[in-house]
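So the structure is just underneath, and the comments pick up after that.
The first chain written gets the first letter, and so on, giving A, B, C, D, E and F; residue counts start at 1 in each chain.
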């Protein structure tokens, strides 16, 4: 337990120092959101219709951008060797690292959502619906993304290959995240159905992700 | 490479050489019968002659999932039992599965145009198949990107098993979400609802395509084994040059570690 | 056998299927030739397998 | 703990084989080490010294043969009872010297309280608050050595441990190793330079 | 000259091997395009309206995902030291590296655009307009991105920070790229005006990028 | 070229000071080296040996003092006439041994034709087609040494060059350095172990 909490604390501390902290994640998110109106054109009605989608895309991209080095850095400096040798099961260590990543990179996005909602012309209900779906769904993004991060170590490859392998896995999360937000805003579906699927996806990924990542790390050492 | 590594594939190669001609023959015969029957199948009262696309579409759609299933089992073989043939099987299956998936997508959209009035629709069935296709391509890219086959095998195995989650989603997407695509009519609880005049050619074609897959897969596995043999021989060639080089510079090998003998 | 108004769709489907299958077969056959030829070359340059068989020995 | 420390321990490998990147590095390797003993693994570049250490540490899977530990802690696997000190230092440049060591102490189950003493023993006590990015090559190596002292493990697997250490540092490290052996520890070190302690030699792959 | 072409060839070769080749760039682009309908919903009319924006975002993301390690990898393995010490001016070396990156990561995207246009329900004119704007605009993305890549080395930071620094720089490129494509498709503006601004942006970045990157690399050595 | 090789060359530093991370590493350092001569920089860990080499290579800016080269190629700056061999090997794991060397030959203006001979000289000729990722620590170091031979530079700045080399490798490298000096080259090497050639000693920061 101390082992895992030490790992989480270390990873968060490094993320805050090296990544420049939560602020930077939020800034990136903000940039994507600001970018969209330029891409789509200044049509407020369309923008607020696309709002949840844009926020979800921003979250997906932000996690994609940072996740591929989740294990790579530890691999390159030899930390991963020691982590693998330790008494802590590798699955738990992987989960702890992913959790730390989510706390440092995912959570601030959710906190920033209300501000971005304003920019996208979303009302209170819509904004809180999106924030809620992000809260339920971003763990799934992180925990499916960690599979790619594990593969990146095994294959000695990162970047686009990882994105290509991971993106198909995160599509369902995106679908249901956006669907649940839309349902809350415009109907006609109920919010509950897609939202509970989203939660289910998160729970499944919480289990599958660490196991898959640990499996590929274990086989990828050399 | 240990002896066992070579021995098992060697026996497999012998088997393949013996079995392949028969398989190929059976495939040709079944596909010929299937094509003949589908050519003379009656028109559907709703779909007209376009129902003929079904005889291509459905076998390919089934196979696209079946091949991933085969790859998943092979992946278990790689990760759990470390069977030497397992990753060969998985690697050889990927391009074939991708081809079938591509055909399912293509014939599906060609069928969709007359039936639904559009080539493509972002509904659950269609998109989950598209994701399957993307994952096939991703796997192939992964195999290509990594030149150490055993390293690639393990990564690919993990990914294949994770991707297998997609299979039930494809299969049941029509039941879980109301989509354009029609629900299962052949493989469903409580028997098929399809008319015999369609069902029989469909089944013959399906078996024919399955045999085609088995044939191609065995042949591709043979190629893959040969490719690995070439690779390990080239490696040995390199290390043998190293060995003679050491003798030349006067240092000697006393330990068993040369192993090239 | 009349194919109705959508003949081109049906024909395209069958043709595409045939084409893809032919490409697959062609790729596999060419690959086989390629590998056996490289094995033969290695054999000629005198590299043998661990078991002492020559590279090309039928298994 | 100190009673356990005295228990006799035997590490032995029988017919160990190693394949990397599809090429056989060595095979049929036998070795043996007991507690209180240092084994120095020698051999020319590329002979497989690092590979052997990683096999023992469980970071590579042997292509053949077995590696067995007798008399260790029955509840732990072999890698869990080892320290592995490789070419890479497992340090995070963004964290300070102290934070780096404290993390490994927490994660690997050592005592934070030992950390300060270890830093002093390796001569880094003046640099505790410096980020690891500011350390010179030798200072980094000293920090990794501090990990060996902070977390008690009976088996040390050392890959060219004296690299980048100055003369004083090598002496200091020799003292640390002697102490470890006296306490019933075991050392397996891959090295090109003399280790500075009495040790048996295991030669891989013919004369250098 | 041999020095620069050697650098370009090396970088392309590494990109093809490590990134898995141009194929992967295209596959990635394809995945991003496939992703969009999930986010915005399966509305073909809306999709084709968003088409150019989606393609542009895909290109932006593809370049961002790989750019941040443009100099970092060379820094970490010590190559950058040797490059700095060599007779080749650092500015030219930086430009060569960026060019190699564009050839390996940008060009395949442009080649793939027609296929993706089909998926997004774009007609011939629209597709070729988008391809043309991408051809004119993606060099600007790469060459502004390289400033961030240089800063990432100086600051010992990658990932999000660099995205935050670079994204605002690439916003103008994106705006005019999308504007030019939209103009060609629906009007009412002429294609020429935004397109020539886009070209101007590219040209400016071709000069400014290498100098800024080289300056920050020179100050970042230690 | 060979005539130029014989020209007498003098590298001298006056009152050189170095500040890193806001802390002064050394100051008022004077040193001097001539062609045909090896200078070995010694000092305890963290004394500033690496820093000095990087100052000469132009990779750090001196906080004070000057470093001047007399008698070198007037058209080139000091760093352009130097080889710098640091802790990091400047190798790309994805490229083969041969490709790595050929790139540096092309980029730094050496002859590709010399590459094969250099690989043989450092004992890597059997591994030319292997990816650099497959090399052991010592093999990587040998590949970096091959760079020194393929591209002719008169000044070699070497940071602990014998790290990870086996005994045969150190002998081989000693021979290479002697050859380089005989051809009128200059060597400045930071080291803790004896270099294996005659050299003057420059001590930084007091006794070790």
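Quick note on the criterion: a contact is a pair of C-beta atoms (placed from the backbone, for glycine too) under 8 Å apart; a residue touches a chain by one contact, two chains touch by 3 or more.
Predicted, not measured: the structure shown is a model, and the values here were computed from it.
Student: Once the contact rule is applied, which chains count as partners of both chain B and chain C?
Tutor: Chains in contact with chain B as well as chain C: not a single one.
Student: Would you mind checking the shortest number of contact hops between chain A and chain C?
Tutor: 2
Student: Would you kindly state whether over half or under half of the residue numbers at the chain D/chain F interface are used by both copies, giving same or different?
Tutor: Over half of the interface numbering overlaps between copies: same.
Student: When contacts are scored as defined above, which chain pair ends up with more C-beta pairs, B-E or A-B?
Tutor: If we tally the C-beta pairs in contact for B-E and A-B, the bigger total goes to A-B.
Student: Which rotation angle, from 0 to 180°, best lines up the CA atoms of chain A with chain E, given as a multiple of 5?
Tutor: Angle of the fitting rotation, chain A to chain E: 180 degrees.
Student: Roughly how many whole angstrom separate the Cα centroids of chain E and chain F?
Tutor: Here the centre of chain F sits 37 Å away from the centre of chain E.
Student: Using the average of all C-alpha atoms in each chain as its centre, how far is it in Å between chain B and chain D?
Tutor: 46
Student: Between chain A and chain E, what distance separates the C-alpha centroids? Give it in angstrom.
Tutor: Averaging C-alpha atoms per chain gives centres 24 Å apart.
Student: When the C-alpha atoms of chain D and chain F are each averaged to a single point, how far apart are the two points in Å?
Tutor: From the centre of chain D to the centre of chain F is 30 Å.
Student: By the touch rule stated above, which residues of chain A touch at least two different other chains?
Tutor: 18, 76, 156-157, 161, 164, 167-168, 171, 222
Student: Considering chain C alone, which of its residues make contact with at least two other chains?
Tutor: none
Student: Provide the list of chain B residues touching at least two other chains, using ranges where the numbers run on.
Tutor: Residues 1, 127, 131, 134, 137-138, 141-142, 145, 239, 251 of chain B each touch two or more of the other chains.
Student: Report the residues of chain E in contact with chain A in the complex, numbered from low to high.
Tutor: The touching residues are 18-20, 24-25, 27-28, 31-32, 34-36, 38-41, 50, 53, 56-57, 60-62, 64-66, 69, 76, 105, 156-161, 163-164, 167-168, 171, 174-175, 178, 182.
Student: Could you please specify the touching residues of chain E with respect to chain B in the complex?
Tutor: Touching chain B from chain E are residues 17-21, 23-24, 27, 30-31, 34, 37-38, 41-42, 44, 119.
Student: Spell out the residues on chain B that touch chain D in their complex, using ranges where they run on.
Tutor: Within the complex, chain B touches chain D at residues 1-2, 148-150, 231-232, 235, 239, 246, 251-259.
Student: What residues on chain B touch chain C, complex-wise?
Tutor: So the residues of chain B touching chain C come out as 1, 3, 6, 10-11, 13-14, 17, 39-40, 43, 48-50, 52-53, 56-57, 60, 95-96, 99, 102-103, 106-107, 110-111, 113-114, 212, 216, 219-220, 222-223, 226-227, 229-230, 233-234, 236-237, 240.
Student: Give the list of chain C residues in touch with chain B in this complex.
Tutor: 1-7, 9-10, 12-14, 16-17, 20-21, 23-25, 27-28, 31-32, 35-36, 38-39, 42, 45, 47, 49-51, 55, 58-59
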